[in-house]
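Both complexes shown next keep chain A, but they swap its partner, so chain B is in the first and chain C is in the second.
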Partner chain A sequence: MNYGPLLFLAAFFALASSWCGFVLAPQLQVGRLQQTNTLSGGATYPVARSGLAQQGLQVYRANGCAACHSQQVRQSGTVCDVMLTEAGTNELAVISALLRLKCGSPLTETERQAVSTGAGERAPPVMVFTEQDARGMLTRLPQRVRQGLTKPEADAAVKELTAAGAKAQTWIVPVGPDIARGWGRRRTVAEDFLFDYPVMPGEQRVGPDLANVGVRLPDPNWHLRHLYAPGTYEKASTMPPYRFLFEKRKVRQEPSPDALVLPPELAPEPGYEIVPKPAAIALAAYLTSLRADAPLYVAPLTVAPPAAPATNAPVASGATNAAPGAPAAK
Partner chain B sequence: MSEAQLSGPLPAEAAEADASSRPVLFLIFLGAACWAVLGSLFALVASIKFHAPSFLAAPAWLTYGRVEPAWRNCLLYGFCIQAGLGVALWLLARLGRTRVAMPGLVLIGTLLWNTGVIAGVGGVLWGDSTGFPSLEMPGYAAWLLMLGYLLIGLSGVLTFHARRERQLFVSQWFIFAALFWFPWIYATAELLLVTSPVRGAAQVAISAFYQASLGTVWLPLVGLAAAFYFIPKLAQRDLHSRYLALLVFWMVILVGGWTGIGNGAPLPAWMPAMSTVATMLLAVPLIAVALNVHRTLAGRWAGLKAEPALAFVFAGTLGLLLAWVLKMALAGADVRLPIHLTWLTPALEQLNTYGFFALVMFGAAYAVLPQVAQTEFPSRLLLWLHFWLAVSGVALMVVPLGAAGAVEAMRLQDPATPFMAVVKSSLPFLRASTTGDLLLLLAHCVFLLNVAGLAVRFYRPRAVSAYADATAELPLVEANP
Partner chain C sequence: MSPEASEPAPTTPERAEPKAGPRAVPVFLLILLLGIVYGGMIYFDRASGWFDPQVYAPYHSASELALYQPPTGGLDLSRGKTVYDNICALCHNTDGTGKPNQAPPFVGSDWVLGSPNRMIRIPLVGLAGSVMVKDQQWNLAMPAMGAALSDDDLAAVLSYIRQSWGNKASVITPEQVKAVRAEIGNRTQPWSAQELEAIH
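The block that comes next holds the complex of A and B.
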C-alpha cells in the first residue's frame, strides 16, 4: 500500500497544529480584544495615542529602538497589603487589634518571598512591634499596617481591624523584580498594545524597560536632550546619540522656542542652535505617552484613592487619577 | 536505506545530476558567501558600538537599531536560507538519482531572492523596517523573496517528483516538509503582520510563531537533512537508525512552531505555558539526534580530523544540541528569574543560526561543491583555517553573550542594583564578543575565497579554451575574402 498521501496529510496536520495554536487562536482571542475599563473609576482603557505620538511610534520602529528596549514589565506574583484608613473612635481596641496582628507574628511565606526577591522598596516587616509603634501608626493614616500577605490573611486582618471599629482595606499589590525596580506598577498585558502598530514588546534590555517611561520621565524636553546626548545624563550610557534627529542652524531674529537647552560643552558655537526635527519631537511625544499602569481586571492592583478635598468644593477634573494609564490624558 | 545508495548513485547519474545544477549551485553559494561577509561586517559595526556608542552614530542608516537587524537579515535570508535551498536542491537530485528539474527556474528564483535581500536589507537601513524580529525586511522586499522562493521550491518539488530511486531517504522527508513550510509561515507572517496587520498584541503571538517556525522548524529540518546525509556519507557508514531520524522529523514539525512565546510575554497565560511544554518536548528529538549521530560516528571519530566538511557538519549538529539545551533552560526558568529579556536571548539565536545552521551549511558546501565541480578545493589548508576561524568565532561570540546574559539576569534580580551598574557589569563580556565577530568576518572571507577559488578553478580552463576557440577562428575569417 502507498502510504505517501497519508504521511503527507499527517505532516500537514502536524505543521498546521502550531499554526492553529499560535496564529488562529491568538487572532480569535487577542485579536478581538476591545477597550476595557480600569478598575479604579472605570475609565476607558486604553485610549489611542495622540497623532504625534503615533508618528513617534514609527520613528521608534524605523530606528530599531526595540533592539535595546523592551516594553514589557514582568510580574512574579501578587500580594495583599492591609491598609488602615481610619482609626475610628475606639483607639484602644484598634491598638490592641494591631498588636494582635503584628506582635511576634512570624513572617508569612509571601512576606519571606517578598523580602528575598526584594519585592518593593516597601519596608521589611517590623519584627518587634510595641504599643508605642501602634500609637505612632495611628497618627499617620492612611497607613499600610501589614504587607505581603495572601488574600485570606489580609481579609482576616481587615476583619479584625473592622471589628475594632477602624476602617481598613485589602490592597492588591503586584510584585516582581521589574516592579520593584520601578519600571511599572503591574505586568504588561495585551490590552496595553491595543491601538499600536507595529507592536514592539522587544526582546532585550540593553537599556531600561520603556513600558512606563512616560510615567517616570514625563517631560518631552528631557527626552529630546537625552536623544541628542545620552551621555549628559549618564556618563557610562551605551545608548548612541541620535544627532541625525536634530539640526544645527543659525539663530535668525530670535532663538527658536524648540531649541535644546544644552550644557556648555555640548552647546553649539554662539549664533547657532540645535533644533529637534519633527521626527525627534514625535519620538519624544511617543515616549512620554508610554504609560501602561492602569489597574485592569486582568492585571489588578489597588491605587490610592484621590486625596480627600480640604473643602466641600467639587474635585477639579484632572486632579484625580481616575485613568492613570490613559496615554492621551496629558 | 541501502548500502548501495549511501555509497552514492552510479557515477554517470551522479555526474548528470551535478552538471545540471552546477551553475546555479555556484551562484547560490557565491551569493550566500557574499551575504555572510556583508552580514558580519554589519555585526562588527554593531558590536563596536558597545566600545564607543558614538562610533558611526552620525549617519542614520548606521545607527545600532538599523545595523543590528540588517546583520541578522543578511545572515538569515542572505546566507542561511539561500545556502539551505542550494543544499536541499542538490540533496533532492542526488538522493532521487535525477537531475535538478528546470534549473532555469532556480536561476531566476535565486536572482529574485538575492534582489529581495538587497531590497530588504537596504530597506531596513533606510528606515523601512517592519519592527518585527526576524521579519524586519519591508513588504516590497517580501514579494521578491516570496516569488524567488516559490520558483526555487517549485524546482525542488519537481526534482522530488522526478526521482528515479523510489525508496526515500530520511533527508528527503525533512527537505520536502521544509520546502512547503517556509512559504506557509512567511505568507502568514507577511499577510497578518505587514500587509493587513492584525490588531494589538495578536501581532506578538504571530511574530513569535514566525520566529519559532523559522528557527526551530525550518532551520533544523534543512540542517538535519544535511547532517543525516553528510555525516554517514563522509564517515563512510550507514545512518545508525532511520527510525530515530524519523522520530526527530515528527517531533520537530509537531512541536517546533509552538516554542516561540517566552514566559512573561504580554499574552494570555496559556500561550507561554504551551510554549514551555513544547520546548521541553524538544528533549525527545534532542536525544534522538545525539544518539543517532553518536552511533553513526562510533569508531569513526578519526574521520573528523581527516575531513573538514565532516568536522563542520558535526560541529554544527553539536551546536543544535547546545542551542536546544539552552532553549529548554530558558523556557523552564521561572518568571521570577529575569533571564528572558537579557543577552541570553541573542546568545541562543546566534547559537542556533551560526553555531548550528551556518556550520552545517559550510560543511555541506564543502562536500557538495567539489562533486559538482569535479575538482578539489584549491587549498585544503584554507578549509581547515575556515573551520577553526568559524568555530572559535562562534564560541567567542556565543559564550561571552551568554555570560553577559547570566550576569545581567543575576544582577537585575536585585532591585537595589541600579540599572547602569547592571549594564556596566555585562559590558566587558559584550566587548569580548567583538573578537568573535571579527573572527567570523575573517571566516566568511575565507569561505568566499574558497568558493570563488573553486569556481575559478573550474571555469578558468573552460573559459581559456573557449577564448582560444573564439580567437582561433579569427584568422580564418580574415583569410576568407
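The block that comes next holds the complex of A and C.
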C-alpha cells in the first residue's frame, strides 16, 4: 500500500462527486419547492389530497401498484396553434389573411412530432385551401386555423389575423407519445408530487400511466369494480384482481349502499354482496384524485376557456355505478 | 518482465532490465478525447438547462420556457378589475353604470373616454361640485384615492375602466399617472368640473 492516501482520496472524491450529483444538486434544485399558481386563473397548485386519498396513497404503496404503473407523463416538444376566435367585421380581409397564411386542415400526430423534434422535413403547410374553405372556416369559430407552428411563427400569424380585424390567439400545445395516448396534457413536473410521500413515479409500464387517471376515469365506483375484476372492464388487462380488498358478506336487512354492482357472471349468489373494505375505498379515492394537468409556468399549456366543459366534471356516480346488463346486487 | 527474458539467450548478450519511460499519448487518442469532450459540452449546453429548477425537458433554457408561456389574451386587465371591484365598484357599480345619488356612470362617459390627463386627475385628489355626465347633472363629492393607490394600481384600474363594458379608449400607463401626480404636486383640494374641463 504505497499509495494509501492517494487511493483514499480517489475513492472519497468518486463517492463525493456522485453524492453531489445525486443528492445535493436535486436538493438544491427542488428541495424547497413551494406551492405555486396555475397560469389560468392563478389558483394555488397543488392542493393537498383529501385525507382518504392520502390513506389511499399508502394502500397504493403497500400493494406495489408502482411496480407496474408509472405516474410520469413525458413530453417531447411544444408546438403552437393559432386559434381564431372571432372573425371581426372585415370578413374579406380575414379570408385573405387566412389564404395568405395557408391555414388549413389539422396536422396529424406524427406531423406534430416531426415539427416538435425538428426531425425530418417540416410538414408542408400548404393544405387544400380555397376561399370557399375559408368561408366555411369562419362559420365554425372558434377554430384552430393553423397547427404545429413554432412560437414566433404563431405569433406572426396571430398578428396578421389581428391586423385584419379578427381575434386570434396563440395556443401552447405540448406534444409527445404519452400525450398522444391520452395519458396527460403536459409533462409531469416536481410540483405535481409536492404533497405525496413517498413519491411513486414508477419505472415500468406494465399497465398504463396513472398520472391523470382521475381525469380519464373520474368514477370511484368504476375503480372499485376494476380492482375486483380487472379483466372484465379492460379486456387486454394483465392486472391481477385485488379481491382481498373486498369482502363477501351476507346481506342482513338492506343491501349495503357500497356493494359492488357486478355483471351476472361475477355477482355473488343471492343473499350475498361484495363490499369494498376501507382500504379499497381509500385506494379508489386516491386514484380519482390523480391529475396533473394544470397549466404551470414550468409546464405551460393553453387550456380551453371555461365555456367548454372541463374534464373534471363530476360524473353522476349513481348513473355510472350500474354495470351494463347487470341486475342490482341483492 | 516476461519469463522468457530471464532465460539465457545463447546467441545474444544479456539484455538490460526493461524500464518504464515516458511515452507520448497517441495523437488519435487525444483527438478522440477532445471530440468526446466537445460533444459532451454541446450536449450539456443543450440538455442541462444550466441546472435551472424551472427548466424541464423538452425546454432547453429559461428563456425558451419564457417564450412558450401562453399569451394573456392581449391586454391583461385582471389587476385593474381587482382594484375596481375592491374600491370603485362600491359607488360606481361593478358594471360601471354608476348608482343614483352615489356616483355617475363610466359607460360611454366623456370624462372616461376623453383625455387621459383629465381622467387621471380625478381619482388622484377627487372631484367635488356639480358635474355633467351623459347629459345628467350630478352634484356629489368623489373622494381622493391618490394616497391609497400606487401608480401601477391607478393605471391598471383606469385602463380597465377605459376598456370595459363597451368602452374603447386608450390604455393608461403607470408613467402617465406618475407624470400627472408630479404635475399636480401636493394639492389636496378636490377638482371642480370647470378646472378639469380646461385640461386636455
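Brief remarks on what is shown
We take it that the second predicted complex is superposed on the first by the 280 of 330 C-alpha atoms of A that agree within 3 Å, B and C clash if a C-alpha of one lies under 4 Å from a C-alpha of the other, contacts with A are read in each partner's own complex, and residues count from 1 in each chain.
In the analysis below, a residue touches a chain if its C-beta (ideal position, glycine included) is under 8 Å from a C-beta of that chain, and two chains touch if they have at least 3 such contacts.
Predicted, not measured: the structure shown is a model, and the values here were computed from it.
Look at A:L39: by the touch rule set out above, it reaches chain C but stays clear of chain B. Look at A:Q169: by the touch rule set out above, it reaches chain C but stays clear of chain B. By the touch criterion defined above, A:A97 reaches neither chain B nor chain C. Once chain A of one complex is fitted onto chain A of the other, the partner contacts of A:A282 are absent, as it touches neither chain B nor chain C.
By the touch criterion defined above, A:G202 reaches chain B but does not reach chain C.
Once chain A of one complex is fitted onto chain A of the other, the partner contacts of A:Q75 extend to both chain B and chain C. A simple residue count on chain A separates chain B from chain C, and the partner touching more is B. Contacts of A:L260 after superposition: neither chain B nor chain C is touched. Judged by the touch definition given at the top, the superposed model places A:A87 against neither chain B nor chain C.
By the document's definition of touching, of the two partners only chain B reaches A:D192; chain C does not. Overlap of the chain B and chain C contact sets on chain A: residues 29-30, 33, 75-77, 176, 187, 189-190. Residues 25, 29-30, 33, 39-40, 75-78, 80, 116, 151, 169-172, 176, 187, 189-190, 295, 297-302 of chain A are the ones that touch chain C when the two sit in their complex.
Those residues of chain A lying in contact with chain B across their complex are 11, 14-15, 17-19, 21-23, 26-27, 29-33, 61-68, 70, 72, 74-77, 117-118, 121, 176-178, 180-182, 187-209, 230-231, 234, 236-244. Of all residues in chain C, only 51, 53-59, 65, 67-71, 73 touch chain A in the complex they form. Of all residues in chain B, those touching chain A in their complex are 49-50, 53-54, 57-60, 63-66, 68-69, 127-133, 136, 173, 177, 180-181, 184-185, 188, 192-193, 197-206, 208-209, 212-213, 217, 250, 253-258, 260-261, 264-268, 271, 274, 278, 334-336, 338, 340-343, 345-346, 408, 412-416, 419-420, 423-424, 427.
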